[in-house]
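Input: structures, listed below.
Okay, so subunit A shows up in both of these, paired with subunit B first and subunit C after.
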Partner chain A sequence: MVDVATLAVNSVIISALYALVAIGFTLIFGVGGVLNLSHGATITLGAFAAYYASGGIVEAGVGGAVLAAIVVPALFSAVVYKGLIERIQDQPIMVMILTLVVAIAVEQVFLVAEGTQPKSIPSLLDGTVALGGSKFQTNLLVVFALSWVIIAALFYTINNTETGKAILATSMTTKGAALVGIESDRVNLYTWVVAGALAGVAGLFLGSFQTANFAMGRGPLMLSFAIVVIGGIGSVKGSLVGAYVIGTAEVLTGAVSTRLTGLVPLLLLILVLLVKPEGLFGRELAE
Partner chain B sequence: MVNDGKQSAGEATQRKDSGSGRRGETIVRRRPLLKAAGAGTGLAMSAGCLDSFAGSGGGGREELDGPLKIGVLAPEPTNNPIGASIANGARLAAQQLTENGGVDGNDVEVVVKDTKEDPGTGKQKYQEFILDDEVHATTGIFTSEVLLNILDDIADQEKVHLTTGAATPEASARVNEDYEAYKYHFRTGPINAYHLGTNLVDFGEEMFGEMGWEQIAVLVEDYEWTRPVSQALDDQLGDTGVEVVMRERYASGTENFTPIYDEVESSGADAVLTAMAHTGTPAIVQWARQQRGFEFGGIHVPMQLPSYSAATEGACQFGITQNSATPTSEVTEKTVPFANAYQSEFGSYPVYTGYITFDAVKQYAEAVSSAGYVSSDEVVTALEDSSYRGTAGTIEYYGPDHEYAHDVKYGQDTVWPLFQQWQDGSQEVIYPERLATADYASPPWI
Partner chain C sequence: MSADATATRGLVGLLDPRRYGLRHQVGAVGLVLLALAPYLVPTVWVRNLTIALFFAMFAMSWDVVSGYTGQISFGHAFFFAIGGYSSALLNLELGLPPVVTVPVAVVVTVVAGLLVGVPALRLRGPYFSLVTLVAPTILLNVFILFSDTFGGELGLDSPAPILSFDDLAVTLVANYYLAFALFVGILAVLLAVTRSDAGAVFTAIREDEDAVAASGLNPAKFKVFAFALSAAVGGLAGAVFVHTPIGNPNPSQLLALTVSIEVIIAAILGGMGTIVGAAVAGIFLRLFQLYLGTVEYVVPVLDTAVADVDLLLFSLVTLVLLFALPGGIVRWAVHGGGAALDNIRGRDAATDGGRDPPDRDALAAVRESWREDVAAMQAHVPRTEPGGDGPAGGDHR
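Let's look at the complex of A and B:
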């Protein structure tokens, strides 16, 4: 039987990773009301950008991989918003179709370019660390720490900077924000760029932990749905809590049977939709 | 036998009445399938192709008059090393055959199609071979699920098919159960999935003691091909004297091995004995990166790739896998020359499916030549009588009455896989002794 300390550490590490995955998704939905089905593909893009920068095309080292995993998906996200979504963001069905097409197109590009064999991405830090009698991969602890640094920075930005407050205001009421002079399209662009960068980092972390492959974004996209609904659609804080609920449930279930881990988020999603459809922090969504 | 539309319908009735439920179901399904294929090619063209097939199936004796055409079914042949090896192994065989006078003076041609490892796509591509390309035989297929989905079509079309990747013994069981219908299927390699498991046990009996593997966790990915492997291990692993402390068939598509490895470590296992193809890379990368306290080996298909050390940044070091051949191992006198010719032609070394497909195309050509006819029934008989010295061993097939009818024979004198360990970026053979280039080495962190 796996010991409790190992389960606890695994839970908080994987949950921090899931939080990164889901926060970008919820930002775009909360602010722009856009259900971005290409979010998983952006994660894949981040992982492959890191792969290409760390030996796949150029040898830019771990630093280069991190930079590529942030910049490339952020730019991609900006292009998707400005090029495709901006003009149709009030048509939810069209948005879903287009973002789904983008997701499939990105998958196909990597399938053609790289095939089905998973790619290894370098660890941010090699080796293992002994904690409480158990051994953990240093890379995962770095992922955990960096996830929290990024999340804290995001919270600080949203609550304490002018741009952050504009994002928050737009997420609460687009009309109200417009009345006080906030340009919603620019705010939307910011959120797409931030969400792209977060997804890219998540892709890098996920890839360095598990390997990267063309379809690696599908699982995280499904998880994002579950996490965002559990936390309350549009709530960044809710996504954080939702990620920990899902991450912990997954690790605990995995200790019983690894076959059930994929099912747990979906069961929780159904349960929350039946019992508390607005999610844990759903009231933050004003419109 | 003229395979036109009327006769197909007649056959359907006749075969359904014969009492073979599985066959009957398939024949009923043929109509929509052919319709779908026809939609892409045009009905007139389809009809023409079907007509042009007259006499080239199982019935009647047709002499080869024109190029010998072989259809090759490979997964992602442009970018998956396993699929590329199938495609290029066939191409190289055809090229060499043609350069050496062909088959009775006729060139050998191969047409490659992508199965995408998807049963539906595989079925569609097989139909295209039959309707559009008018091939004489087919080969390839890596995924057991794909093979099982076209097995009835192979029987319907009465075209010889030589499998060169998929390992499920369900195919040979069908040949055994309904020989007349399914006799067109042969598995040139690898040895079937039950024998793959038996070979793991044979390796263990010889090597586990020397390697210090006393307690073992069996980790098997949950795909069709691993069921017989699991069965063989359940049946025979106890005979090796090791204690099996954990058995797990983990879910297909597993990417996070942390909980599984936590459990393995808790079980106190010295090593994991694996059967992995689709999920192998995340498994080996996480094992190495996390420096888990157990050793790692068994069947691990990606680890068979000659370029795998570079692809995983060395994560595969100290991992062991069963393999058909490596580029430098002289399984037969033909192995190294083939690997070098392949490297020279395509710029990389083949994986096991390359050796096997090369052998399959050459053996098929030899069978057509020795039969004197290209019609399937004659070729089936020739293949059954064949003992072909290939690159992966001596290829002989079990007879119709054997439970693994038309599977390649497993044995020291026929096909006997080797075991390699990745050491310092090289595929070093550690078993069998006659091919060994190094002793087993434990990972330094254990």
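Let's look at the complex of A and C:
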């Protein structure tokens, strides 16, 4: 039986998770002007890093899993940026294709190493909590709370620290930022590392209440397109709003028919692109 | 090669291989080898070559819109699937023969391509790529949603074959030649279009769309034309593909994200905006992939056979090649080979990067002689040299 409270809580929780993914994606685009199509693979990497750290290879407990899910994808992201993207970042087409191939390679590594069988990642906290008459896994609530803590921390960092302000400045105009002494390459590296860590955490969360498999990053990648386009590519606030629009739409259509869930966000994306391509909070791309 | 001295008017001159540049001669030899391939390679490779030819057609279809106009489509599988599925459905549901269903499928694909393309081409850069990336995903979701009609993730049954004989080997060879004929036809059409003035406008759009608009040409018109042409070619290849023994109307062969991406990889590795590059790299890439799938060699440390990690190896090789040769293999070979030849022959490069004296290949000579004829007719000047051996390099304006 579908009841409204469960739907509401589910959509609020899943949307927070999508926001984590989409913010990383939009940061890289807003600052570097490149679409990072390996973002989905970074999610997969985070989930598998957590899996390996929590019993797959070493027994490091939940703490170790969280640490691995942050550090490994962040490092991976840094290596992809430094090794591949930095040299060709002014050619958007090559960036899109190279990151796409990187994504395929990462997926294939996990497919070869682990097969198609889904892997389970331990919950952050076991047990259930009663809320508004229905029961929820504590894990889901922890995921929700942590997502918002991370998002809030990110907002604070971007708006109030020097590094954050440098990131904002570079996203507005690279030339202007360079004039006041901001190294755009270093700022780009920061954003790739932050985006990698965010995606890794999202992978851990996704894996902890669903499962981890080699192709788990594809869905969130597609969704983050929809989210960042609706919110306006490059706008962090827009991604947050977009994540809630898409997350809610997905949960609601899922209640009507699970076969429709994949379709609705994409149709929303097309609609927004055709009617208002710059999104809700977007601005015209500056040269 | 003194083209001026031996210039022959008309098509005969165009078809004389002795007057081609070296790269065109290499291309002609390649086509002849492909035509003789069934007599040169074992039967299983005839099958693989047929698959590779279809893949090359897909890659060429991508190149004409994305390689030339620079509007990078990430979802060309959309066209292949619409072509293949509509032809298969018409055949399976209505019992129409492939002769009818294939042309209808091409029309359906063009219409579907225009439905997506006309609104999408208003968007620029990554936004256009996003829409094209999403289009096949939506189509796949629709196929899964209406599984009764479209067969969901498993696809449809095989429709009626175009060419089928009792002997399997004969069938394979016959279908190879079907694919080869289609390949040559598509190659010829796309080369003709992209080497025409329209092709020059496509390239100009890629370089600077605003400049094209400023010079009084409507970029949208040319982009839509390229998109429709690409849809027609992709739909045609997809439609014929499902009527051969090697192809079936299912998502993994026609619609999956990997199909779209492999096509892009092939076209970029070959050299974007060359058509020939897409064709060559498409053939070799698919053959390489099929070959990897058969290698039994066990990698020592990983303890897995090469055949099991073929896609991983494929993506890694692609990554290295893309990174090392971003301009594409064909372009690299043509430039490198041309420079090497010039060194041997002692010709210098002109200051503007061209050749000194400027190149005049056979095609340019024919085009010039045609222009002269047209100019002569327009001016109502009676032709003074009715023969076929006038000086093509004369003082025309």
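The rule is simple: the second predicted complex is superposed on the first by the 282 of 287 C-alpha atoms of A that agree within 3 Å, B and C clash if a C-alpha of one lies under 4 Å from a C-alpha of the other, contacts with A are read in each partner's own complex, and residues count from 1 in each chain.
Please note the rule applied: contacts are C-beta pairs under 8 Å (C-beta built on N, C-alpha and C of every residue); 3 or more make two chains touch, one makes a residue touch a chain.
This structure is a prediction, so every number in the text was calculated from the model and none was measured.
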| Which of subunit B and subunit C A:6 touches, first, second, both or neither | first
| Does the superposition put A:267 against subunit B (first), subunit C (second), both, or neither? | second
| Should A:101 be classified as contacting the first partner (subunit B), the second (subunit C), both, or neither? | second
| message | In the overlaid three-chain picture, which partner chain does A:258 touch, first (subunit B) or second (subunit C), both, or neither? | response | first
| request: Go through the superposed model and pick first if A:114 touches only subunit B, second if only subunit C, both, or neither. | output: first
| field | First, second, both or neither for A:129, with subunit B first and subunit C second | value | neither
| task | Have a look at where A:60 lands relative to subunit B and subunit C in the superposition and call it first, second, both or neither. | result | neither
| query | So which bits of subunit A does subunit B touch that subunit C touches too? | reply | 111-112, 259, 262
| query | Which bits of subunit A are touching subunit C when the two form their complex? | reply | 29, 35, 84, 88, 91-94, 96-98, 100-102, 104-105, 108-109, 111-112, 218, 222, 225, 229, 233, 259-260, 262-263, 266-267, 269-270, 273-274, 277
| Complex contacts: residues of subunit A adjacent to subunit B | 1-3, 6, 10, 14, 55, 111-120, 122-123, 126-128, 135, 137, 139, 209-211, 216, 219, 251, 254-255, 258-259, 261-262
| said: Please output the residues of subunit C touching subunit A within their complex, sorted ascending. | reply: 70, 72, 74, 119-120, 122-123, 125-127, 129-131, 133-134, 137-138, 141-142, 144-145, 257-258, 261, 264-265, 268, 302, 304, 308-309, 311-312, 315-316, 318-319, 322-323, 326
| request: Give every residue of subunit B touching subunit A within the complex, in rising order. | output: 75-76, 78-81, 117, 222, 248, 250-251, 254-256, 258-260, 262-263, 266, 281-282, 285-286, 289-291, 293, 302, 311-313, 315
